Structure formats: C-alpha cells, structure tokens
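Same chain, two partners: chain A is paired with chain B first, then with chain C.
Up next, the complex of A and B:
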C-alpha cells in the first residue's frame, strides 16, 4: 500500500489488484494433499503398467483377425447359421419377458417391505437383506450356480434373470415409496383406511408411472444380460454368439451383435414411448 | 332416477385396458410355453437335492487359497481402473460430439456419436472380452480394452446429457467477453459439467470393478481366471473362497464410490 501520497491513492489501489487470474483448484483445496494424491496415482499407474504382461507377437497376429471381425461386422452373415441364431434369439426373448414379469411381480412385495415408511422394522430388515444379496451377486455368478442346480438351458437363465430383477426393482421401488408425498398417504390414513387400502390408494397411484418405467428399463437390461449368461450355459443368444466366436465365424458373430444392438435400440425407443404414455 | 356412481375411466377405456392386459398375459403364457418346451423337468424337481449337495461341497471355503488370489485381485483392480481411464478418455470427445449444443455437425457427426454410444452400451463387457480374447489373445490387455469399450457408451451418454443441461447464460457471458470456442469450452462448459463428470467416472469405476471380476471366465485376466479354473476342476471350496473375495471387493468399491460421489456432489 502506498500510504505516502493521497493524490495517487486510486491509482495505487488499481495497481494493487492482481492483473492475472488463476482458476482455483476444483476438488482438493489443500495443495500438499493434491500433490500427494497425484503422486500416488502416478506410482500406481507405473506399477499397474509394469504388471501387465502383453504378448505383442500374439497381438500382432490378432490384428489380422480383428480386421476380419470388422469386415464380418460390416458384411454380416445372417443365413448360414440362421437356425441357431433364431433359436437363440427366441430363447433370449422369451426368457427376457417371462423373467421380467415374474421378477417384477415378486419385487413389488419385497419393495413395499423395504420401504421404511410403510413397513414394520422387522420386515424392513428382512427385505433389505434380500435386496442386498440379490444385488451384490452378479448375474453370471448366479447363472453358474443355477446351471449346476437346474441343468443347462433357458430355465436356469430365466431363474437367474428373475432373481436379479428382484434386487434391482425392489431397491428402486423402495426408494420411490420412501420419497412419496406423505400428505396424500396421511389423507388416506385419516379416513380410517386399513394398511392394504393405504397401499392401494395412498402409495400405488404415486409410484405406478415410475414402476412401469423401471419395468421397461429392466426388460431392456434383462435382454442384454440374456446375451451374456448363455456363455456359462444358461441358454439364449449368448450361447450362439460364444459358439460363433469360438469357431472364428466373425460374420455370423457380427450378425448376432447387430441383432442384439437392433433389439436394444427398438426396446429403448419403444420404452421411451410407453413411458410418456404412462405418465 | 338411478344413482350414477363415479368411475375413473369410461367403459370403452376399461374395455381396451382389459383387452390389453389379456393380450399381455396370453403373450407371457405363450413365451413361457416356448421357453420351457425343452426343459427337462426331472432336473428342476431334483434341484433342491442338487442345491443341498452343492452347498455341502462348497462349505467350508478353502481359506488357504487366498494366498493365490492376491495377484489376480491386483490384476482385477488394474483392469477396472485402466479400463475406466481408457473409456473416459474416449468418451469425452464422443459426448461433446453427441450433445446437441456442442456438436460440430448435427446432421452427420451427432448420429455417428449416438450410434457409437448405443453400440457400446448394448454389448456387455463380457461379450467385448469374448471377442477381444479371440482377436488379441487371452490376458489382461483384452480385459482392459473390453472394459474401456463398454465404458465409452455409459460415460458418454450420461455426460452428453449433462452437457445438454448446462446453463446457457454462463456460456453467453463467456462468449460476450470475446472468448474463442476453446475458451468457451474451458471456462463456461467444463466447470458446469465437472461435478457430474467426476460422479459418472467414479460410478462407472465401481461398475467396472464388479464386471472385471468375471471377465476371466472367458480368459480376459483377473480373478475370473481362477474362478474358471476352479469351476472346471470342480474345486467347489475354492469357488466359495473366490465368491467371498469378489463379494468383498464389490462391497468395498461400492462403499468407496458412494463416499467419493457424496463428497463431490
């Protein structure tokens, strides 16, 4: 500060302002912590890259095969393996629909039980643990177990997808029920309604649009998953795809991938349409 | 004069709704028939016995097997994290090309970017891994690329939605200072989407940890390779041990991701 001259006071003030502006750090304000985390990340990166063993000659050989896959994807062969593809596709589609319906039907009671505002404490904990178990196991691991128990084929896949649907739907439904407008359920309660009437008139109308939307979303996910669980023997188009790739028939594999992408796109667009209609 | 009762829908609407539900139920029953025509019901009725048998074989877990799982676990974490890194780096340009307010060309580039997103999203990482293992051979690299390719669609989709929701006023303010396009991006759009972007990245990392644990089933490295080996040799106590490790990893990564997202947003 130039306290000496009063006449140049305004000038001095302006020059005291910084002429350059530096954007402040976004996440971690403490500089040393930022540097430490950055260094740790760098150290991890070097270590991680060091432990990856890559067989470059194999990769180089594979590039030719990769090129063949891209060509196969661009010129897909639907006809040669059409009987296998259509069988796998029908298995996948039927598995998807039935498992979504059964899963959603089962998830509704679990979801209501897992909502803190409508269920008693004991039921709440039971339902929350069902959800936790169903969500933390991946589809493929459940599929391995179910295939060992129920034998190969789409039935094991159906059970797997239903089980996975329960956890997914019940969790989101429970969160939605916990978020409802309490005034409406209070109004229903004030009329002397029983618990079932409360669910039917106070809760159900509020969560129904979202339940429909989530079911359609899950239908989409179940189809995508049905393409995967075939790899461990649970039926569906995944088994066909696995065989095609094992035989290096990349044009058939390309055809299957295009079918999967097309079905997912159709499902996504139509579900958007149905959701707008439901709301 | 008869008392009219209030009804939510007109009779015509109710009829349509009823017919719709009837068709839906018929479709479900038909699908069920088609799906189960090849099912051998003996295996299904036998399942409780099989389950009990399996349970007896799986218990107790072989705790000593853990010694052989540390390195695959490290590989699994690396697959997930490096894959996320690749996916995020590739997703950023795709997201900017797909967002209708930043895309260079609405007619050509935006549909292309949207197709990349859909293609990457519809194909599960396990299928990407299956393909890549057959193309570049088994190993970690196939797993990393598979995770990366799958992540592009997810991250790009959520990111382009965030870009489209940015506040136009802030962009106009920066534009009014005479900023170039790059400067607008850097000072108007990036600060607005940065929290969403970090949240999406951590969320995807969490999912990728979950998915990378099973990539080894098709030979793409990580703890799944051990799982596949144990399954093939019917070493069920080892399988149980691997399931426990996978479960613990998934729960810890979910906890970390929830904490980080909570801190950011």
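Up next, the complex of A and C:
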C-alpha cells in the first residue's frame, strides 16, 4: 500500500513545478542598494588612489638601488663580513631556540587556562586577557619597548619573542583543547580522576601532536622575527642585516638573506618529518 | 545496592529529561533500560555518577548519598562506579594498557599516574582483565589500532579495573554488528554474575534486552512506564513505551533467537 502511493506521487505531472531556482542574496536584499554600495566602494578606491603622491625621480632612484640590491643578492659575499654574520646568526639561533622553549613552556598553562571546557570561569577570563594583550602588540612594538627597557642586544630580542610566543601558542592550544573529543575526557572523569589526571589522560594525548607541530612552526616564525626585530636593536642576524644595508654593502646583505632562507627551509623540511613522527 | 528516588532532571534549555524517577537495584541484578530515543536513558545513567547534575531527588550507592557530595567526595564515589560507553570512549592515542590502567586514576596519586608507575597489583589486575576479555596480546597496541568489538572489550576492562560496585552501561552494542553485539552482551552478563555486580544496561535492542537481562525498566518521555521481568514485556507494554507499531515480528524474532 505504501509502495503504490509512492509511485502515484512520482507519476504526478512534474511540469506543474517551477523550473528555476535562484539562491537568495546573502547580504543585501534590495538590488539597487547592492549596486549603489558597490559603486560607492569603487569610487572611494579610485579617489583614495589619487591622493597617493608619487615622486617619479625618487621612484627612478629607488629602482636603480633595487637593481644594485638584486645584483648584490646574485653575487653574495659571505667572506668579507663573515665574523659579523656568524656572530649575528649564532645570536639569532640562540635567541630563537631559548625564546621558543620558554614561550611554549609558559603558553601551556595559559592555554589550558584559556580553554572553556577545562578551566574555571575566572581563570578563563584572566588567561584570555593575557593572550589578547600578547597578540595585540606586534613584535616590533614589543621589541622597541624591551630595547628601551633593557638596552640593545639579544636579551631584549629573547624577551620579545618569548612574549609573542605565549600569545600565539596559548591561543591555538586553547582552541585545540576546546575541540577535543569530549567522550574521551568524560570517560576519564567518570573513573574518578582528579583535574590534573584529567588533563594528563583525557586532554594531553588528544592535543599533543598539534602542540608539537605548532611549536616547530613557532620556532621558524621566531627565527624570521628575530631578523626583523634586530632592525630595531634587538640583536641577532637582523642587526647584522641592518648594518650591511646601512653601509650599502648589498653583497653582504644578499649573503645574509640567503642564510635566512636556508635556515627557514631546513626548519620547514625537518618540521614536516617530526610532525609525521608525532602522530 | 543502588537506590534512585524521585529524581528529576530539567536541562538548561528547558527540556524535562527525567520526571520523578524511582527504583532500586539489589546487588547482582542486571537491569535493561529501554525506551525510545530521547526518553532520557542516557540522562538517567549519567545522573547516577553525576556526569549530569540531577535537578532534584536523591541517589544512594550502598550507604553513600551520591547527590550532594563535594568535588573530592564525588571523585571517591565515581571510582566505585564503572561506566561503559556506546562509542567505547577510549583515549585513542594511549595504549590499551594505559586505557585499562586509567581505571585506577581515582586511587593513585597524580605523580604515579603521570609517570605510569602504577602499583604492581594494579598492573597484574589489568593483565588479568585483558586476559579475561581476550586481549592480553594487545596490551601495548594503541587503542585506535583496534576494531570496534576489541575496543569495547578494552572499555569493559577499564571499567572493571576500577573494582566497581556498580556498572553503568550506555548502549554497549549500538556501534557493533549483531554477532559481536551478542558476544559483548554475553561477556557483560557473565562478568556481572561472576562478581555479583549490579548493572544498568541502557539498550535500544529490545530482543537483546529480553534475552540477556533479568529485569527491564521502560522509560518514556522521562517517566518509568514499565518495571518488571522480560516475560511481562508484551505488545501492550511495548506500545506504551514506544508507541503504536506492529510488534508481532519482534515477538517472532525473539522466540526464534
């Protein structure tokens, strides 16, 4: 009986139904308003473009200097300034490694505290604030601050990178903890486990591979950042690079850039390897 | 012995999941809890170990009132109650042995559990249980390398590692094929009989419930509408629990089984 009523249904005249369907507009229902806003945005863009002053003689000079830079890059000079470069590189690597280790270690408690599903409300808000402050200040701004506080050199760089690592790692760790499979942690809770045991058995195994992957990722971000913050006085290879460019020694600068690229590439390949192992 | 009296649960969203539920389970009795989806079966067994906080009513295990315990006391009572889950709820990236040993978390200190240095009696018991459920060769495998039936066996071993006085079992067979389901049910019943362990088995399959349990509680929209031996579970009762449906085929099936 069921089957027969179904067949009559499919046999009903299909041409009675509409043959077109259009997806309703997502943002703005009225067509004229949509067009008006689009046109206004375009006009704004064109006008804004017009206000940017271009000094063509400076552009020509810049292009010429850019060309010298490219030539320097193509004929890198590792030897002339090698002692400066190696000192800067070692400083940067030390700064990177120490700040990543310290930053990750500090970010673990902050990240756990910032995960809604395992932390009490009060702790959650405190940890989220720490993350917000750490993330809202860009590395260069923090570096300038620490350089004025503690003077030029890698110590300011170390503090800067540690501070930035906390915000970055804690935020991603907290999100990962909030996404865990609650069934697994609930089963641990049901055995009578304490809070620390719950974290160790119910949460840690689920977030560990990603934590390792992110730490390695942060390691190479920190290396790249160490080159940037060196320019504002926080030591490392960035400081060496800055000096080289100031002296128009583009061949030494080229050598430094090549070294930075090489280090990042090594980090990239080895982190892929470690990540596979961590699964 | 477990006694549940006048327990109600209203979720924050306003759904009344349990409405004045009362029953007692003497030691050694295995109870099948049946009812349609959304009847409140999971809510009820979760109220017993307070994974869900009951809105009113009292629950006592032996002499311990479970409702109204502090966090520390709650830990101590949770370790006396073993729980087995539909989707096994093993910690996937830990080994089988670690999963079984996690049944002792309520007994050992944080440092011991962190360093996986459990007392030797705990380790021996874990091996014995793995042997009992037929998985002694898999102790060092990771839980996510096992099949569904094997995982559920690990789940059973974990619950028993707690030396529980009560088992709460939430749809142990819903993710398993019919043959494995029967094997798991048989294992559970045997274990409960061996240890005189009372259990609540929350189950969708009426045929299995009839076949394996000695008492059935029928839940419908948060209320108990049937409480009696499987033999009294006739068409009228099934209609009361699940609503109007042709139940004759089910009867034939269970007779054939």
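Here are a few things to note about the model shown:
Methods note: the second predicted complex is superposed on the first by the 245 of 279 C-alpha atoms of A that agree within 3 Å, B and C clash if a C-alpha of one lies under 4 Å from a C-alpha of the other, contacts with A are read in each partner's own complex, and residues count from 1 in each chain.
Here, a residue touches a chain if its C-beta (ideal position, glycine included) is under 8 Å from a C-beta of that chain, and two chains touch if they have at least 3 such contacts.
Keep in mind that this is a model prediction, so the values were computed, not measured.
In the superposition on chain A, A:194 makes contact with chain C only, while chain B stays out of contact range. When the shared chain is aligned, no partner comes close enough to touch A:122: not chain B, not chain C. In the superposition on chain A, contact of A:208 is made with chain C only, not with chain B. Applying the stated contact rule after C-alpha superposition, one finds that A:265 touches chain B and leaves chain C untouched. Set against each other, chain B and chain C touch different numbers of residues in chain A, with B touching more. Applying the stated contact rule after C-alpha superposition, one finds that A:53 touches chain B and leaves chain C untouched. Looking at the shared chain after the overlay, A:186 reaches chain C, while chain B stays out of its contact range.
According to the touch criterion, chain A has no shared surface contacted by chain B in one complex and chain C in the other. Residues of chain C touching chain A in their complex: 49, 51, 75-81, 83, 85, 87, 89-94, 98, 102-107, 110, 113-114, 155, 158, 162. Every residue of chain A that touches chain C in the complex is listed here, in rising order: 181, 183-184, 186-194, 196-197, 200-202, 205-206, 208-209.
By the touch rule above, chain B contacts chain A in their complex via residues 27-28, 31-32, 34-36, 38-40, 43-44, 47, 50-51, 54, 74-75, 78, 81-82, 118-119, 121-124, 126-127, 130-131, 134-137, 139-141, 144, 187, 191, 194, 198, 210-211, 213-214, 217-218, 231, 243, 246-247, 250-251, 264.
Across the complex, chain B is touched by residues 23, 26-27, 44, 48, 51-55, 58-59, 61-63, 65-66, 69, 90-91, 93-95, 97-98, 101, 136-138, 140-141, 144-145, 148-151, 153-155, 158, 224-225, 227-228, 231-232, 238, 241-242, 245-246, 248, 253, 257, 260-261, 264-265, 268 of chain A.
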